[in-house]
Amino acid sequence: MQSELSKRIALEISGMPVIDPHTHLQHKTPSAQFIGNIFSYHYIRMELSTVGMDVENLMSENIPPDIRMKNALPYIPKISNTTTWWGFMTICKALGFEDDTIHEGNFQDLCDIAKETMQSEGWYKKALHNVNIKRSFLTNLPDEDLSGCDRESFVPSLRTDEWVLDIQEKATREKLELLTNSSITNIFDLKCAIRKVADKFVSIKSASMAISLPPNFLVFPVANGDADILYSKVLIGRRLNDDELARLQSYMIYSLFEICNDLNLPFQIMLGVDRKIHRKLEWDGFSTDLNMVKTFRDALNRFPKVKFVFSILNSILNHELAIYSKTFANCYFAGHWWYTFYPALIKTAILERLQAVPYPKLIGWYSDSYYVEWTIAKIKLYIKSLSNALAELVEDGYINEDMALKVAKAMIHDNSIEIFSL
Amino acid sequence: MQSELSKRIALEISGMPVIDPHTHLQHKTPSAQFIGNIFSYHYIRMELSTVGMDVENLMSENIPPDIRMKNALPYIPKISNTTTWWGFMTICKALGFEDDTIHEGNFQDLCDIAKETMQSEGWYKKALHNVNIKRSFLTNLPDEDLSGCDRESFVPSLRTDEWVLDIQEKATREKLELLTNSSITNIFDLKCAIRKVADKFVSIKSASMAISLPPNFLVFPVANGDADILYSKVLIGRRLNDDELARLQSYMIYSLFEICNDLNLPFQIMLGVDRKIHRKLEWDGFSTDLNMVKTFRDALNRFPKVKFVFSILNSILNHELAIYSKTFANCYFAGHWWYTFYPALIKTAILERLQAVPYPKLIGWYSDSYYVEWTIAKIKLYIKSLSNALAELVEDGYINEDMALKVAKAMIHDNSIEIFSL
Amino acid sequence: MQSELSKRIALEISGMPVIDPHTHLQHKTPSAQFIGNIFSYHYIRMELSTVGMDVENLMSENIPPDIRMKNALPYIPKISNTTTWWGFMTICKALGFEDDTIHEGNFQDLCDIAKETMQSEGWYKKALHNVNIKRSFLTNLPDEDLSGCDRESFVPSLRTDEWVLDIQEKATREKLELLTNSSITNIFDLKCAIRKVADKFVSIKSASMAISLPPNFLVFPVANGDADILYSKVLIGRRLNDDELARLQSYMIYSLFEICNDLNLPFQIMLGVDRKIHRKLEWDGFSTDLNMVKTFRDALNRFPKVKFVFSILNSILNHELAIYSKTFANCYFAGHWWYTFYPALIKTAILERLQAVPYPKLIGWYSDSYYVEWTIAKIKLYIKSLSNALAELVEDGYINEDMALKVAKAMIHDNSIEIFSL
């Protein structure tokens, strides 16, 4: 693989500006501060656990970050094949660590070097600058305080899961009432309150709404009258049955589509997570339901002005979602989410998308990271896969090298500027 | 990719004769005549639409073909990454156009050159001859007039969708009555009429029956008595419920299997289209139902003499269908249909098939094209993917180069001759 | 493909020790004895049948082995593209045959050479030794006689399908009663009897339990009281309905999990076979149910000490099962089962696993073979795919060559030693 052509393309792409349109960065603490915290990233934590480490020794608040690193040492050799481990070592090098392996003899050096770098003045800006990331989206809860946010680096995005998935929870309503200083006595009050929050996010230049949905989530039109009755039951504390809940949830997501339509807000929709499949450790997994893409047919037809920006957590439906992005002008395909963020899956997915879908419909990458350090690793990994895929298209004679670079720049930067009106 | 070996294999394959066992060519107008009509192909029309073009400016009858081309100009740069665009440029070159891009300054030249070539005497034969296509199958409705058809170039195939999917439509019956000069008063009359049409198609040397089925179509035996009652309801104008309709449709397809069995007609079955998912533009999509292959188990066992020639519109079930082709002597696997006709998917699919299935069971390619010009682009694209796949098998030591060429010739020519008794 | 690096890695791997943790070898007759019997392997028999051979001419007891070979001659050219055929020729060469093709003129030589080799003293040990296989697991029915078994070469494994899938068959109970010299009058007696057999297998150092499940098998907790009632019905000869049978079967597999937990026995679970889809020839196929992996969530959480070693018969869920192996410390992923044992599928699957899952959780290969001769072909094929996959990881810079070799050795040897406590 990595032919000369691929390396040349990778070098060019490494100099291009990047937008990161989905992260979980905390704008007040965008860096991990300690190498031990880098380990807490769920990708790698899961790998140490699966080879036998008691993650309490990694996660417990009582354990200082450097000791977490030390505790992990015996397990590191067992995870050294994964690309997540490659990402960890890539981070170490970016922080100034020069060894190729980590062991009893040098882990304290790593801790010290990492701490010095990550706690230095202006580190997070420098980290992002080094990989040309111009702006990173945040994931903001409705009541999140964004005062003091570095708005040059970070772009707000309103996360709306609770208004759909947790709509029958009392806490959802109470939080909205508090936030909007209103009283919610029926579903129309509820929608007004949500609209108020959305208006506020637009006023602070939020670039999108976002939501994460489970694999079996169904999206279909529900009449106002039906939703009104269902929400009345919620308000008097009655538990909805599965069918009722599905109807109310679908009504709510259609309400969000309407708001996106009114406010010209793109909707980032992430499909496929199964929450807490590991009961003790509360780790998430994924599975596939073959309706998860096609359930959006009605919405895609009904809201032609809303930009639906989909991501998907399985590899099986990459092809189908690519064809949807080709079919519907308002359907976009973004990134390689979570458990699909591995080079073989990324390269295959890129080829399937780029051969079938005009490139302005594709957002190539987002980091999904919790700390800027993982952002470094993840853009570097992506550039490898993207270069390999583009080189294959050039070598097979489908595009030339200039087009490859134009496509790359659009996928990591220009398209996000355009789609999210940045 | 495209190693020296792959290029050498491609060159050899480019000299081999080809049969195209599925097209939508109109025998009276097999050429597009104008470059603007090349654009009307749904693959590329969809791409221009998804990047913002109003397809009315491409499709409307009121717009002269050359103006369609002109209207598309601003959108062309946005679709230039796709392999469909590569196909378009491949066609332009085959028509005599020499530039590598199309723009305001040269589009009229393209229109003129294309028109001159496509409207020249004997063009469609020359076009097919240039890519060694010996015979192309048509897709003929039961009442289609084939008089004057160039039977050296074209082979009839009887398309039967309406007798299954539209069996409860009054128009289906009336058309059959008119065509067979008979009166249909029960399901046995209906079957007789269908048999008469099939006999006629056999008499004019139709090479196959063909049908396209949606992903959730179920195939199971239904008793004559049950079907009789169901069709009686249809005849008196009662609407069948979903379950009744499924039973009647399945009865009808079994009736077609019986006719194929009696008449020694292969049955080309195309699995997986979802019609009109884009409501406004009435464009088709696909989805996957995990029963769509295995539902044929009973039929494959029950009709060992009928050659079932399957195509499938998703990539997920390529493996399962390949194993069916290996398991059942009467099960064949054909081509890369529609949304699977992209190089990455084709190469993967070829490898999965060729490593597991004896090659006489495989028909490698068909164009599915509406104009002979697209046939040119699609055979050229396929040869690239086939050569890459075969080169990989040779390089990994599984077959030698002679076997690779033998397999290629069988997949694009010999097997169709054999299977369809041409 | 097969780059210099890949060839170098393949050469190194070819010198490494191998454990084969799943076979159907008969310990008394581990060799095929005649080349004609090599043909009876279902992979290749199916290929000859699908190109038109009457398999009676291959299988019938009345036909001497050499005549079976002769009967197959006309069909061999038609299957020479498949990797199974490559495997057959690889076996021929390992037996001392030197030609590259088989035909009328040399098939008797092949028969003679093959017979001489395979019937020579100590052949099966030599065959395994030549490909460095140290130990091969057997598949043992509960009542199988293992006296005289070469325990240096072979490791017992208790196959338990009948205690789950055939739990309502009278023969299942009667066999258990005979085997344990007990009387089974309720489900608790049944479990005691099964436990006795398991104890016996542990006493003779069986390394695992094993079971093969159909795609739609559901695994969920069932109360003792419910199971007691269901099994009472079985005991009085009442047929259970589908729902009742599913509950009883699930109760039984949970009972086996409990025994594995008590006895510290790994459980090898093979997912996805559809039995006898070819009715006349009684050949098996596969299909996919999207619940087939996730149905194990409860069991994986409930039995953290039981090592679940999964294999899967489709390619679609490779990714999901890989992520399960990463998520759950007690979930292992093994081999490339049956219809997934083709190079393109193997390489893709290896990359998906190795990029995401720490390598101690992966068992790379097992032969699933019925004769040691097929073991030779299948380890050689696997080493090609493994080397290609590892070379790609090295070339893309994710691991270095030393790590590649370490991973390879673990996947074909060390991990089995560890997981099965050999």
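So that you can tell them apart, the chains are marked A, B and C in the order they are listed, and the count of residues begins at 1 in each.
The rule we apply is simple: contacts are C-beta pairs under 8 Å (C-beta built on N, C-alpha and C of every residue); 3 or more make two chains touch, one makes a residue touch a chain.
Owing to the predicted nature of the structure, the values given are computational and were not obtained by experimental measurement.
The rotation relating chain A to chain C, fitted on Cα atoms, amounts to 120°, rounded to the nearest 5. Shared residue numbers account for under half of those found at the interface formed by chain A and chain B, and the copies are therefore classed as meeting with different residues.
Averaged C-alpha coordinates give centres for chain A and chain B that are 39 Å from one another. Counting partner chains per residue, chain B shows two or more touched chains at residues 290, 316. Within the complex, the chain C residues that touch chain B are 1-2, 46-47, 49-52, 78-84, 86, 274, 277-280, 283, 285-290, 314-316, 339-340, 342-345, 384, 388. Listing the residues of chain B that touch chain C in their complex gives 290, 293-294, 297, 301, 304, 316, 319-320, 323-329, 331, 348, 351-352, 354-361, 392-393, 395-399, 403, 407.
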